[in-house]
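Following are the structures in question.
Shared between the two complexes below is subunit A, which has subunit B as its partner in the first and subunit C in the second.
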Partner chain A sequence: MEPLSTVEIIIQTIIRFWPTWTAIGLTIFGCYFIREKMGVVGRLYGSTVGMWGAVLVLFWIFTAIFADLIAVQPALEQSFAPGMKKSAPGTGFMKDLEDGTQVAVYYLWGGDNLARDLFSRVVYGSQVVLIIAPAATLIAYMVGSTLGLPAGYYLGWIDTLMSFLANLVLAFPVILLFYLLVTPEVNEVKLIPIGPINLPWSLPIGMAAFFFLFPIIFLCTMWYTKYEKNPQRLATYIGVTLVVGLWLYSGLAFNSDPLGIVGMAPNELNVFAAVILGSSPGVFRIVRGLTMDIKTRDYVAAAQTRGERPWYIMLWEILPNARGPLIVDFCLRIGYTTILLGTLGFFGLGLSPESPDWGSMINHGRAFVRLSSTVHLSLFPAIALMTLVLGLNLLADGLREESLKD
Partner chain B sequence: MTQPILDIEDLNISFYTRAGEIPAVMDFSMTVMPGETMGLVGESGCGKSTVSLGIMQYLGNNGHIKSGSIKFLGEDMGSMSDDRLRELRGSRISMVYQEPMASLNPAMKIGKQLSEVLTVHEGISEEDALARAAEMVDAVRLPDPDRILGAYPHQLSGGQQQRVVISMALLSKPQLLLLDEPTTALDVTVEAGIVSLIKDLASEFGTSMIFVSHNLGLILETCDRITVMYSGEAVEEGDIDTVFNNMRHPYTKGLLRSIPVPGADKYARPLVAIPGQLPLPHQRPHGCNFGPRCSHYDEQTCNTHAVRMHPVGSNEDRHRSRCEKINDIDWNAEIDAGEIDEPIEVGDVVISVDNLKKHYSVSTGMFGGGDKRTVKANEEVTFDAREAETVAIVGESGCGKSTFAKVLMGLETATDGKVQLGNLDIGSLPVERRNAKTVSQVQMVFQNPFDTLNPSMTIGDQICRVLEQFEIGKDDDDRRNKMLELLDLVKLPREFARRMPRQLSGGQKQRIGIARAFAGRPKLVVADEPVSALDVSVQAAVTKLLTDIQRESRTTMLFISHDLGVVRYLSDRIVVMYLGRIMEQGNTEDIFAPPYHPYTEALLSAVPIADTNVKKRHVVLEGELPSPLNPLPGCPFQTRCQYVMPGKCDQGELPVRDMGDGHKIACHLSEEELNNMEPVIVVEGATTAAE
Partner chain C sequence: MLMFILRRLGTMFATMVALTFIVFYLVNLPGNLEKLAKTEGNMRMTDEQVEAWLEKEGFKRPFLARYGEWLGNTLQGDMGYSRVFRKPVADVVGQRLGYTGILMFWVMMVMVPGALIVGVLAGMREGSILDRSLSVGSITSTSAPEYVTGIIFTVIFASSLGLLKGIASTRSITIENFTLPVMTMAIYGMGYIARMTRASMAEVMTSQYIRTARLKGLNFRSVVLKHALRNALIAPFTVIMLQFPWLLTGVVIVETMFNYKGFGWALVQAAGNNDINMLLAISWVAVIVVLATQLISDIGYAYLNPRIRVK
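Then we have the complex of A and B:
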C-alpha cells in the first residue's frame, strides 16, 4: 500500500480529531454568553494568551473524553503486517476484521517498535495524564491546605515544625525519592491480618493511606465548622462524606474495595504517592503565605469577635478568599505534575511498561532517536506533553493577568 | 501681568480599560501663579490625583491626555521630548507622594539618595552635593543631619521619612512642588509639624505648590487658592476665603455642611449628609454631574447640556463655579437638617474598667532567649461607661487604643485589672470561653469598609451566620426574616441579601458592618474609626445611622478615633490616651476647654478645621513618639511636652488630678497652672461658614 503524503497525514489527523474540534467550538461559543457569570474565567475572553492556553488545555481534555472515537485502534493492539514496526508516519496496511473482510488502516503518526499505532497511543495517553495529574494535584492541595492553614494562622511552634518538615521534603532530591519508592524491597506488599481481613501494607501504601485521609478530614472539618449549630444538616453532610470517602479510601489506598469497583494498580499508587509527596510542600508554602496575609483582614477579626472556631475561620473565611492565587498555582502545578509523570515514565519508574502514558512512550522511543527515520517514536508524545504543559502555563498566565486587571 | 508657573487649559484625561474609555478628568483648567499654593480637594475617584500625575506626564500605559494643554512657564509639556521632561522632573517640578516609604529606596542611605538628585540634575561633585543635602535636611527641621544622612529609610519614623522626601523634592530648588496627600499616612501631631513646615518652606523658598488632599481643613490651613473637584471635573475654583465663605456651588456647600466643625452639635445643629453617592465614571449624567444629588436640581437647566465653568463676580476675583443656577440659588439659606433629636438620658454604668494593664513581653534573642523586655500597651486604664452613652477614646497610633479594644472583644486577655460587664469580668475571659450571649453583647464595627466583609459570601449569608452564632432565631427561615429586618434597620434594600460585597459601595458595606454588630442587641459596641475611610460626603450619613441605632437600642458605644472633629460632634465623654496611659478624661465640653492636659492641648491644635471663623493657637509638638519598648519613669509625655519640668516629670508616679465632674488630668503641673491655660480653639463671630 502507498504510504500517505505529508499533506494527507495532516489532513487525516485534523479530521480524526473532529469530536475534539466540535467540543472546543461549542464550549467556547456557549461560555461566551455566560462569561459575565463566570468570574475570572469568563474574563479570559479578553486575553489572547489565556485563550490560547484554554484552547490547548480543552483540546487535551476533550481528546481524553472522546478517545474511543478518535483513536484508530486500541492502545495495545499490534499489527502483524510486515514492515509496520517503527514504520514511518502515514504507513498503511490491510487489517483483517472478525467477519473475514479487510479494511485499510493507516498509522498516521507511524508505528512504534512493537508495531502499535502511535497516534492511538498518544490519544489514549491523554486519558492517563489527565486523570492522574489533576487528581494527584488536587489531593496535594488538600494536604498542603490542611497543613498550611494552621501553620499560617497560629504561627509559633506549629509553623516552625511544619515548615521544617516541608523544607526537609523539598531539600531531598526528588528523583532519588522516587527511586526509593519503586525499589522492590521498599514496595513489596505484605499482608497484615487485622481480624477477618488481610490488610495489604507497604511504604507506598502507607503513604497513600496517610495522604488519602486528608480529603476526608478536610471535608468533615468543613461541614462540622459550618453546620455545627444545625445538627440535621451536619449529620447528612458528614454521613455522605464518610460513606463515599471511606469507600473510595478503601479502594484507592488499600485496593480492597468491598464492592470491587474502585481500585488502583500498585504502580499507579506509587506514582500517586510520589507526586503528592513531591508537590504538597509547595502547596503548603503558598497556602501558609496567603493565610498570613489574609489573617490580618477585618473580616477575620469580625469572625473572631463573634466567637467563631479557628477552623471555621481558616476554611470559610480565609481559604475561599485565597482562591485567586491558588487557582493560578493549581494550573501551573498540574503542568509540573504532568512533567513529573513524564519524567517518572522516562526513568521507567512510572506506570506499567505497556501503559500508553507519554513519559513511558518517550522512554521507549529513546533507543531509536538516533536514526532520523525513527525519531517520531519519541517526538509525537513529546509534542503532546509539551502542548499540554504549555497550555496550562498560558492558562495560568492569562488567569493571573486578568485577575490583576480591574 | 506676571507669567503663571503652571497653566492648564481644557485638560481631558482618559483611561482605557476593559470597560472601554473612562474619562478621569474632563474640561479641567487651572492657573498657578508664582509663590501661590493651590489646593486640589475632592473625594476619592474625583480625578485629583490624575491631574497631578498628568502634570508630571506620568499617566502609565493606559492613561492618555486626550486634549487640552499643560503649560509650564509658557512651555507646552505635551509637546516636550522625553529628555526635556526628564530634565524638568525632579529639578524644576518635584512631587511628594502619600507613602514616604514608597518614595525612598530602602537599600540606599538617605545621604546618597539626596545627593544623587544634585549630581544628576546639576552635575556637581559628591562632596558639595552632600553638604547641600545636609543643609536641606536641617531646613526641614530634622535633628542631627549627619545621623540622618547616614541612615537607611527604615531606621527613620514615618514623619522623619516624609521630611526627607520633602527635602529631596526641594533640593534642586524647584519652581513647582506637587504634594499628593503628603500627610495622610501620618498621625495628627506629626501632620501638624509637616504642615507648618510646608507653609514656612513656601514663604522661604517662594515655591509654588499644588496641594492635593481630601481634607478640607488641611487645605484651608495651607493654601491660598482652592479647586474643588467632583467626579472628574473642577466644580469651583477661587481664593480660599471666598470659597469657604461665599461658595457658589451646591457641592461645596454640601461638603462643608457634612463635616464636623466646632460649631456643629449632634443635637442642636446636626451634620447633613449629601444624599446619594458618587456616580461611576461610565454612568455620569448627561448634564451636571452633581445633578442627581443636588437639591436645586432642575431637569430643564441642569440636564440638557454639559455645564461649563462660569465666572462669579468680576474677573479679578478669579472665582469660578460649574453651576447653571449661580444666580438663582439663595446661597445663605441653611440646609435643612431634618428632624432634630432630643439629648439622650444616660443610664447606669454598663462597663467599668478598673486599673487595666496589658503587657506584652518581647524577647530579642534567638530561640526566645536574650533580653526579655516588656511593651506596656495599656497601663492603669480606669474609666466607666454608662448605658446609651458614647465614650470616645482618642489618641494617635501606638497609644494602645486598639489593644484596649482587643481586650474588650476577648481577642487578648488583660495582664492585670478588671473589665466589668454586668457582674462578669470580661477582661480575663477570652472570646473562646465566652458564651454566645456575652459574645453578642460586646460587638465591634471595624475601620476599613473594604475589609470588613468576607468577599466570597453573600451579604445575607454573612448576617445569617452572625445570627446563628449568637443563637438567635429558631430555624433558618426565622433567621432569614431577622436578617431582612436588620437590612431595613440600616436602611438598605432587601435585595442586598443576595449581593456579594464587591457590588456594594464603601458606605453600604459599612452599614452591613453596623447591622452585624447590632444583630444581637449588644450592650456595648466598640466602633474603631468607623467612618474615617469613607468619603466625606457619605461619612455624615453613616455616622447618623450609627448614632440613631445606638439611641434606639440604648447601647453604650466606645468610639475609637484620632479625629477630634468627629469625636467632639459625637461623644458625651472623651478619654485621651498616650502611650498606653489615660492622660485626660472628662465630659466633651471639659476636654475642649481649658484646663487641658498638655498633650490634649497639642492634639487640639494639630487637628485641621475647615472653618474660616475658627482661630487656633499653634502648639506644635517636636520630636517623635518614643518607643514603647523603653518606658520612661514618670510621665510618658515628658519627651515632647512644652511644660516639661526636669526633675519632676521624669520620676515617680503620675498624679491624677480631679478637676471635678469626672474631669481627670494625669499631669505633674499644679491645678493652678492647669487652670491658667488659654483656649486653643476660638470660634469667632458666626458659628459656621454657611451662615
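Then we have the complex of A and C:
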C-alpha cells in the first residue's frame, strides 16, 4: 500500500480529532454566554495567552474523554503485517477483521518497535496522564493544606517540625527518592492477617494509606467546624464523607474494595504515592506562606473576637481567601506533576512497561532517536507532554494576570 | 549573623543525618538486600544461601549499630567501598563529580547570562510586544522538561541535520559533543530565572527613583543599566542559587540521555544495582549541595539587600 504524504497525514490527523474539536468549540462558545458568572475563569476571554492555554488543556482533556472514538485501534494491539515495526508515519496495511473482510489501516504517526500504532498510544496515553496527574495533585493539595494551615496559623514548634519535614523531602533528590521507592523488590506485597481479613502491606501501600487519609480528615474537619451547631446536617455530611471516603480508601489504598469496583494496580499505586510525596511539601510551603499573610487581616481578627475555633478560621476564613493564588498554583502544579510522571516513565520506574503513558513511550523511543528514520517513536509523545504542560502554564499565567487586575 | 549561620548549620546537619537515615533504611529493606545478594553471588541463590551470604557480609547486625558505624566512618572521611564500581566510594564520587562539574559550569555559563538578558529586556518595558513574546518564550521553555527538549534537539540537530552529536563523552569535550546536553539543561532552567528577573525588573522600573532619574533627563539606556539593573538582580540571585537542587535532577536525566558518565549517571548505576555505600554517599553529597546553596542564597540575599539585616 502507498504510504500517505505529509499533507495527507496532517489532514487525516486533524480529521481523526473531530470529537475533540467539536467539544472544544462547544465549550468555548457555551461558556462565553455565562462568563459573567464564572468569576476569574470567565475573564480569561480577555486574555490571549490564557485562552491559548485553555484551548491546549481542553484539547487533551477532550482527547482523553473521547479516546475510544479518536484512536485507530487499542493501545496494545500489534500489527503482524510485514514492515510495520518502527514504520514511518503514514504507513498503512490491510487489517483482517473478524468476519473475514479486510480494511485499510494507516499508522498516522508511524508504528513503534512492537508495531503498535503510535497515534492511538499517544491518544490513550492522555487518559493515563490526565487521571493520575490531577488526582495526585488534588491529594497533595489536601495533604499540604491540612499541614500548612496549622503551621502558618500557630507557628511555634508545630511550624518548626513541619517545615523541617517539608525541607527534608525537598532536599532529597527526587530521582533518588523515586529509585528507592519504586524498585519492584521493595514493593513486594506481603499479607498481614488482621482478624478476619488479610491486609496487603508494602512501603508504597503504607504511604498511600497515610496520604489517602488526609482527604477524609480534611473534609470531616471542614464539615465539623461549619455545622457544629446543626447536628442533623453535620451527621449527614460526615456520614456521606465517611461512607464514600472509606469505600474509596479501601479500594485505592489496599486494593480490597468490598464491592470490587474501585482498585488500583500496585504499579499505579507506587507512582501515585511517589508523586504525592514529591509535590506535597511545595503545597505545604505555599499554603503556610499564604496563611501567615492572611492571618493578619481584619476579618480574621473579627472571627477571633467572635470566639470562633481556630480550625473554623483556618478552613472557612483563611483558605477561601487564599483561593486566587492557590488556583494559579494548582494549574502550575498539575504541569509539574505531569513532568514528574514523565520523569518516572523516562527512567522506566513508572507504570507497567506496556502502558501508553507518555514518559514510558519516550523512554522506549529514545533508543531509536539517533536514526532519522525512527525519531517519531519518542518525538510524538514528547510533543504531546510538552503541549499539555505548556497549556497548563499558559492557563496559570492568564489566570494570574486576570486575578491581579482586581 | 554568626548565630544565624551557626543555627542554619545545625539544621543542615540534622537534615543530613535524618536523610541518610531514611536512605539507609530504604536500601536495607529486605527486598533490596536480597537483590544485592543475588547480584553479588549468583542469580539462582536459594533463600537459605541469601541468608547465609547476608550473615557473612554483616548485614544481619542490628540496624542502628550499622548506621552508627557508617555515620562514624563517613565523618572521618571513609565512605566505604563501591560494589558496582569496585573502587573506594570517595574516589568514584570525586571523579564523577568532576565530570558533572564541567557540564554544570557550561550550563551555568549559558543559562545565567541568557536568562538575565531575556528577563531584563522583557521587564524594562512591561507590556510591550518584546515583553509579551519573551514571556511566552520563557513559559514555553519551562514547559519542556529535559527529556522533551533533549529528544527534540537530538532530532533536529543530530538525527536530521547531523550537525551535532547525540552522545557526550567524558573524554573529549568539544562543541560538537557538549552543545546538546548543555542546551537541554540550560533551556529548562532559563525560563524560570528569566521570569523571576522580569518580575523583579518590572517592579523596579515602576519605582520612584527610576521616575526621578528619567525626569532628570537621563536617557533610558543609562537608567536601565546604571540605576535599575543592580536592584533588579537581587531577587534572581536567590532563584539562581535555589536552582542547584533542581539542576541535580536535570543532571541525572541529561547524563542518562546523552550517556555522559558523570555524577547523575553514577546515581542511576548505583540505584539500579543497590550499591548501598555508593547510594549513601550520593545522597550525602546531594544533600550537602542543596543545603549549602540554600545557606549561600540566604546569606547572599541579606548581604545584597541592605534592608534585610539578620538578627
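Here is the rule we go by: the second predicted complex is superposed on the first by the 403 of 406 C-alpha atoms of A that agree within 3 Å, B and C clash if a C-alpha of one lies under 4 Å from a C-alpha of the other, contacts with A are read in each partner's own complex, and residues count from 1 in each chain.
What we mean here is this: a contact is a pair of C-beta atoms (placed from the backbone, for glycine too) under 8 Å apart; a residue touches a chain by one contact, two chains touch by 3 or more.
For clarity, every value in this text was computed on a predicted model and none was experimentally measured.
Of the two partner chains, subunit B (first) and subunit C (second), which one does A:N321 touch, if any: first, second, both, or neither?
The answer is first: A:N321 touches subunit B but not subunit C.
Figure out whether A:G307 sits in contact with subunit B (first) or subunit C (second), or with both, or with neither.
Only subunit B is touched by A:G307; subunit C is not.
Who does A:K37 touch here: subunit B (first), subunit C (second), both, or neither?
It touches nothing on subunit B or subunit C.
Of subunit B and subunit C, which one contacts the greater number of residues in subunit A?
C
With both complexes superposed on chain A, which partner does A:F164 reach: first (subunit B), second (subunit C), both or neither?
second
Residues on subunit A in contact with subunit B in one complex and with subunit C in the other?
In the superposed arrangement, which is not itself an observed complex, subunit A uses no residue for both subunit B and subunit C.
State the interface residues of subunit A toward subunit B in the complex, per the touch definition above.
The contact residues of subunit A facing subunit B are 43, 46, 229-230, 297-299, 301-308, 316-317, 320-321, 323, 405-406.
Considering only the defined contacts, which subunit C positions touch subunit A in the complex?
My answer: residues 11, 14-15, 18-19, 22-23, 26-27, 29, 31-32, 34-35, 132, 135-136, 139-140, 142-145, 147-148, 151-152, 154-155, 158-160, 166-167, 245, 248-249, 252-253, 256-257, 267-268, 271-272, 274, 279, 282-283, 286-287, 290-291.
Which bits of subunit A are touching subunit C when the two form their complex?
Those in contact with subunit C are residues 49, 164, 167-168, 170-176, 179-181, 183-188, 203, 335, 339, 342-343, 346-347, 359, 362, 365-366, 369-372, 375, 378-379, 382-383, 385-386, 389-390, 392-394, 397.
What part of subunit B is in contact with subunit A in the complex they form?
For this pair, the touching residues of subunit B are 17-18, 409-411, 431-432, 434, 436, 439-440, 442-444, 446-448, 451-457, 466, 468-471, 476, 513, 516.
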